[in-house]
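The structure under discussion appears below in the form of structure tokens.
A, B, C and D label the chains in the order they appear, each numbered from 1.
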Amino acid sequence: MSDNALGLVIAAVVAWIVIGALGLVRPRELRFVSHLLFPLGAAVGLALAVVAFFALGQLPQSTVLPLGLPDLPFHLRLDSLSAFFLLLLGAVGAAISVFAAGYFRSGEGAAPGLLCFEYHLFLAAMALVLVADDAYLFMVSWEAMALSSFFLVTTDHRIPEIRQAGFLYLLIAHVGAIAILLCFGVLQGGSGDYTFGSMRSMVLTGAWPSVAFFLALFGFGAKAGLLPMHVWLPEAHPAAPSPVSALMSGVMLKTAIYGFLRVTFDLLQGQLWWWGVIALVLGLATALFGVIFACVQSDMKRLLAYSSIENIGIIVAGIGLTILFKSYGKTLLAAITLTAVLYHALNHAFFKSLLFLATGSVLHATHERSLGKLGGLIHRMPWVAWLALVGTLAIAGLPPLNGFVSEWLLLQAFLFTPSLPQSFVNMLVPLAAGALVLAVALSAYVMVKFYGIIFLGRPRESNLAYAKDAGWFERAALSFLALGCVVLGIFPVNVIAMLDPVNAMLIGSTALHADSGNWLLLTPINADRASYSPLIVLIGIVAVVLLTAQVVHRLYHGRVRRAPPWDCGFPLQTPRMQDTAEGFGQPIREVFDAVFRIERQLPSPFDTAPKYAVKVGDHLWHWLYLPLARGADALGRLVGMIQQGRISVYLTYSFFTLLALLFFVR
Amino acid sequence: MIEILFVLGLPVAGGLVLAVIGHRDEAPAVNVAVSLLTLIAAAALTVRVIADGPLLVLDKQFFVDPFNVFLVALTAFVGFTTSIFSRPYMRIEHEHGRLTVGRLRLYHSMYQIFNFTMLLALLTNNMGILWVAMEAATLATVLLVSLYRTAASLEAAWKYFILCGVGLAQALFGTILLYFAAERLLGAEGGALLWTELNNVKGSLEPTVLSLAFVFLLVGYGTKVGLVPLHNWLPDAHAEGPTPVSAVLSGLLLNVALYAVVRCKVLVEGSLHTAFAKDLMMGFGLLSVVVAAFLLSRQKDIKRMFAYSSIEHMGIITFAFGMGGPVASFAGLLHMTVHSLTKSAIFFAVGHATQKAGTQMMDNIRGLITLSPMIGWGLMLGTLAILGMPPFGVFTSEFLILTTAMRDQPWATPFLLLALGVAFAAVFSRVQPMVFGETTAKRLPLRPAMAPVFVHLALVLMLGLWIPPFLADWYRQAARLIG
Amino acid sequence: MATLPLYAQFINLFAAFLLLLAFAMLAQRRVLSLINLFAMQGFALAVSTAIVAYGTHQSHLYWSAGLTLVLKVLLLPWLLHRLIRQLDVKWDVEGLINIPTTMLVGIVLVVFSFNLALPIAQLSHTVTRATLGIAMASVMLSFLMMITRRKAIPQVVGFLAMENGLFFAATSATYGMPMVVELGIALDVLVGMIILGVFFFQIREQFDSLDLKHLETLKENE
Amino acid sequence: MTPTEFASQLLQLGLALALAPLLVGWINQCRAWLQNKSAPSLLLPYRTIRKLFMKDAVVALQASPIFRVAPYVVFGAMCCAAAIIPSLATDLPFGRAADTIALVGLFALARVFIALAAMDIGTAFGSLGARREMFVGFLAEPALLMVLFTASLISGSTSLPTIVDVFAHRELAIYPSLAFAGVAFAMVSLAENARIPVDNPATHLELTMIHEAMILEYSARHLALIEWASSLKLFNYSCLGIALFFPVGIGVAGAGWTALVAAAPVLVAKLAVGGFALALVETLSAKMRIFRAPEFLGTAFLLAVLAMLVNLLLGS
């Protein structure tokens, strides 16, 4: 099987495209599309994951397809890095497809068959991005990915905001893609050979490597939602149907990480330490920015979108640290950091997809995205609520789930930094560690808000009483992802062993200490330095919980009386007295007041129907994007002056052009 | 040889016949038939060239090499598809009362004449005839642009006529200078205007004269290409004429003009051995790209917007040819092909869209996809293709151009990045609400001909994923020729 | 220079005429006189072409001269006169820039053109090479004239005058282009003129005037 | 894992469970003394817990299982934390399974669960308390971690037993970085254990509550477990502080039974002093407004970061 893994990957891509095309055959036939095609797509995804799993650590395989440019047919290559991300894509994609099978309904925006086409094209494009081995195929699949996801985002195109979001998304994606393209232009080194193989052997001189790196940082950063190119993300994710949000957040953002890793560690020959510093600072700024904004959101999908920004920031910070270590030749540390990065990417794929899908179920059950109108759904939708709880705890970085493991590894890496020769960097890194921890702690805040307001408490609206739990397809998908969160959290040693081929390939070292054969205990350097065993922690907690419960019930009793809540004896209690989303975020808004652009609408004493509203905006939008747009507009107006309608003036242009050129040529 | 005669003779004959019967009901069908026959002849010519290699016939007056053969085929093809499109389109215009039968006759006749002039310009080996054909093409299209006889169309036609006339006058001066330089080597009778002859002796042509000639030729034919700051006629002419005319103007005529520029560039390069011509073309190209991008952001009229987009793309191609080298020239040729296919497809879709909405103002065109998914998707996909989204072929050439520029002319890339970004924002933000959203369109009296749109887009898609070997071969040979 | 054959001296004389007429057209305010001047310029062109033909024994240049005579001296001025009569537009031609300034710019252009043409003219083996500068200068002056006129007809006259300059360049520098090209050019000019004639009527019908200020609505700078 | 280690582990866990309420009792007594009040019994916390266990649990109608599970999870997390903090000796097999970072994670787990439980009933005070608790936590947690990082940097390990081993073994020297870290730790401890000046454990005014507001709806055994867990948390923090800053007397790895036995009275003495100090602080300071808390904790966080920087600057 592993002999022809690449062939199987290609087969999976083709299968996805075919499944998508089948959707176009009978676009309005909902049952055919959702109960046959989407599960089929899920099966393909699962198969892809299995293939990728076995391809990890195998020798790279490559092949050439008779498509593409005449001198540049499509080159494909499957190495450990690709395999890892394919595994991520396949596994998470399969779950999302299963969810989608139960999710899409007719009458909501585009025809189901069309959606199915776009969806599977999106999957296929992502898979192709991961196995592309030349710049052309990479770019083609990269943009096909952007395009298909754009159409998915604008499924409900009748709403102007959604169109706006889609536009912003595609625009930033496109500008980023041009930057990536230019990056490849640098990497080919004037050889005219756009295969990655040639780029690998190309030694760039002077400032070219840095130019390539920053183009890549910009281009892939735009896709990943790195500051300051993040603005599309909180718009596009909420606009899209939930499975699409899940796929975008969980998987597509990771392809950007993949691309960045590919360029930085594979195609570029060496790394400079200050690249790492910049990536680190940028990543942490993004992480803090994302999580602080997530705190004050009142739309559940926007909240998750900002949380994605945060996680991407953490990942990029990790990559920065990896670059730093690698440039100083600390390969072991670099390997640990890279492991943390990859691990976090995998974790994020699982828990973020899980949560986005959960919001999808909530959305379908309640038709409500605003946190202020939800509440108490754990009683109506126990499946979704309990599975979402797993994701919530995981994303909050709590042991023994998966989010904690990667953050643990990353923090370990930060702690080992003082061995670097550059004292400036040594000073920087503790600050960076502080910022990282702050981001992680804030994410717990965010997730308590998210979960508490949606699922706990009392329903804030009366129609929530009619909410129904998700269907079986959706439950299966959510369970799978939740299980993934748990497994990834509990068996880190095995996961890291799986990641090691990637480390070996990109860094030249493995993260696991050679003689730590203990599957139970995660020991990156040696046992004296640090160790962690989530399974034991889990067993410990569970044992204490069970034991306590047993003891308490045996020694005393287990009697329970149900009564109305006490609430300090307040006689009248309504669900509206609970904290709203805005209220829950208010302390953070106060503390980080300077970060937000807050517009308050205060009631006046004479209002008959007093209203209070607060809008939290993004300074960057006002300081960067609006001026950019205004600048472009002003330039457009300026340039428009030349087209001013009078024929004499036009003749004058022509005349002076001629004269100037004649003068020049003389 | 016989193929060439057919390629040129059929449109002339068609033009004459249609001048007589062009107002009748069967005229559109005749128009299509003549275009089809032309296409068949062009295909035969193409096959001949594939089989036998370059042709030089009729006393060396006609010359077919890899550089122009694909343009001939392309011109005949787009001419044919446009005639298909114009059948329902012009009928609807007639029924909407915008055109009288007499104008229809003029339209059909001039359409064929216009095709003839373009094919002549492409096929002739004589730089003088090339000029004559270009001028004739201008005259034919002036009539087509002013077909509606509205104030705006008259203004556009007038500007078109004067500006291009003056421009072409400069080109004639350049041609005279070229002749002046060549006559000393080749003699007055020795075909001193024949491109093949000139090409043979280009190394010994006098550089001073040639650089002067190139300035005139570039300004002259560059006006026709729509290079900034000589472009001012272009948006007016494209926007105010009937849509089939806009399609062929954008899709074909610009190509032909650019073809003339490149032919001249080859000679000048060979004589000068400096980067003069390259620098000039790169400068004009870049200026066109940037200026057009910003002008795009100020558009309200849909056809005008796509006219500016044509300027932008011509700028890109000019820049590519200016950069030179096998990759960039290859990309330039490919871009010519895909641009004309895509842009004409867009104009087809736009034509029906404007008929549906009853206006060319973009603010009033909404939700095409709801009422007629074909037009909506055609416009959407065409726009995405023209904006350089893979897997369409426009991306392929932009990919090659940008990556080459990054290494060879890095100074230019920020401008290109800026321009492409601005252009994307400008065009897409306008097209998206036209295609999506709630609709304002109404039904049309006739079924629109959408097949050409999708055939074109399919071809563009194919070129993005797979270029037929013979075509790639031509491009390569032509690129070698262009340098 | 003194050894120039007589016919060459005549050519130079007519070349000077041509330039003088170009200046005169630049300065002319009245449209009818403008057309007359144009006809005179055509005549000068035809005569000088004939002289070149005579001097160099290039028989096809006779044809060219004849063509010029018919087209530029007889047909086009007649057409223009007819148009003016029919359109009833005998107004003064008002320039965008006042005449002295225009003349000054024109002189600068002439100097520039001479400068430009000088090194090239040295290369030529024709006896009439010095006239290349004049031809270029008259092209430039016509260009200037087109820029400065705000009515349609004078602009077209400028356009035609430019063609004159080009023809003169072809004749003087190279003893004329190949016949087929010349014929083609002549045809284009004729057809163009006819189309323009039609246009004048349409424009007047549409705007009640041939003033170009009506043709300034398509623009981007509102 | 040798039997000795296992026994040591169990002993320390048992000690923590047993002594934790006593520590609370001691602090309350000290505070009463300091404030010239008549002191409650030292054993009152034990009696309270026992009394609560006896009662019938009253659970709100709309409570979900999360509400009922949370006390157990919190209690479990605190027990696990207690199992990895060396109080008597560093022979802690469980310490290998969770290091300092995991310790902070365990505290966070407890915090999140109690906050979720508080939101579960859907009362105004519950969600208010949850919000405030998370608010305090988001700054306290990083500050604590930074303190621990300083110790880790000095000792080159994040494993608590190793850190304490290193600290206990080294020469007596002045570590400026630890001074910063110590102050930061003290501040964090006050905040984390719902003490004045951040919170008032004895308050009856709901609007000023943080921790108490979250557990208003709890009764009987659930409340008992939460109270016990809180006292365990206090005990854990105290032991952590002792282990990091006053490790003298803790039995190092492999020291055997005698060291373990010898360490017990030392620990009790240190806890007594610590408890008294805490009571003193609480007596001397006034409770802050809730929005002053970020400043307080921010200061702690910055001090902790400063400690790391000082450590790097001056070397360890």
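In this section, a contact is a pair of C-beta atoms (placed from the backbone, for glycine too) under 8 Å apart; a residue touches a chain by one contact, two chains touch by 3 or more.
The structure displayed is predicted, hence computed values, not measured ones.
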Chain whose average C-alpha position is farthest from chain C's own: D
Chain pair showing more contacts of the two, A-D and A-B: A-D
Length of the line joining the C-alpha centres of chain B and chain D, rounded to whole Å: 77
CA centroid of chain C to CA centroid of chain D, Å: 100
Chain centre separation in whole Å, for chain D relative to chain A (CA means): 35
Between chain A and chain B, centroid-to-centroid distance (C-alpha), Å: 43
Set of chain D residues in contact with two or more other chains: none
Multi-partner residues of chain A (each touching 2 or more other chains): 637, 639-640, 643, 647, 651, 658, 662
Residue numbers of chain B (touch at least two other chains): 158-159, 162, 166, 212, 235, 295, 298
Pairs of chains found to touch, sorted by chain label: A-B, A-C, A-D, B-C
Residue ranges of chain B in contact with chain C within the complex: 126, 128-129, 131-132, 135-136, 139, 142-143, 146, 149-152, 154-159, 161-162, 165-166, 169, 172-173, 175-177, 179-181, 183-184, 188, 193, 206, 208-209, 212, 235-236, 239-240, 295, 298
In the complex, chain A residues that touch chain D: 375-376, 378-379, 385, 389, 393, 396-399, 404, 408, 411-412, 415, 418, 426-427, 430-431, 433-434, 437-438, 440-442, 444-445, 447-449, 451-453, 456-458, 521, 527-533, 536-537, 540-545, 548-549, 552, 555-557, 559-568, 570, 573, 575, 577-579, 583-584, 586-588, 590-591
Parts of chain C lying in touch with chain B, wherever the complex brings them together: 58, 116, 119-120, 123-125, 132, 136, 139, 143, 146, 152, 155, 159, 162-163, 166, 169-170, 173-175, 177-178, 180-181, 184-185, 187-188, 191-192, 195-196, 199, 202-203, 206-207, 214-218, 220
In the complex, chain D residues that touch chain A: 53-54, 56-62, 64, 66, 68-69, 72-73, 75-77, 79-80, 83, 94, 96-99, 101-102, 105-106, 108-109, 111-112, 115-116, 119-128, 130-132, 134-135, 137-139, 141-142, 145-146, 149, 152-153, 156-159, 162, 206, 216-217, 221, 225, 290-291, 294, 301, 304-305, 308-309, 312-313
Contact footprint of chain C on chain A as seen in their complex: 637, 639-641, 643-648, 651-652, 655, 658-659, 662-663, 666
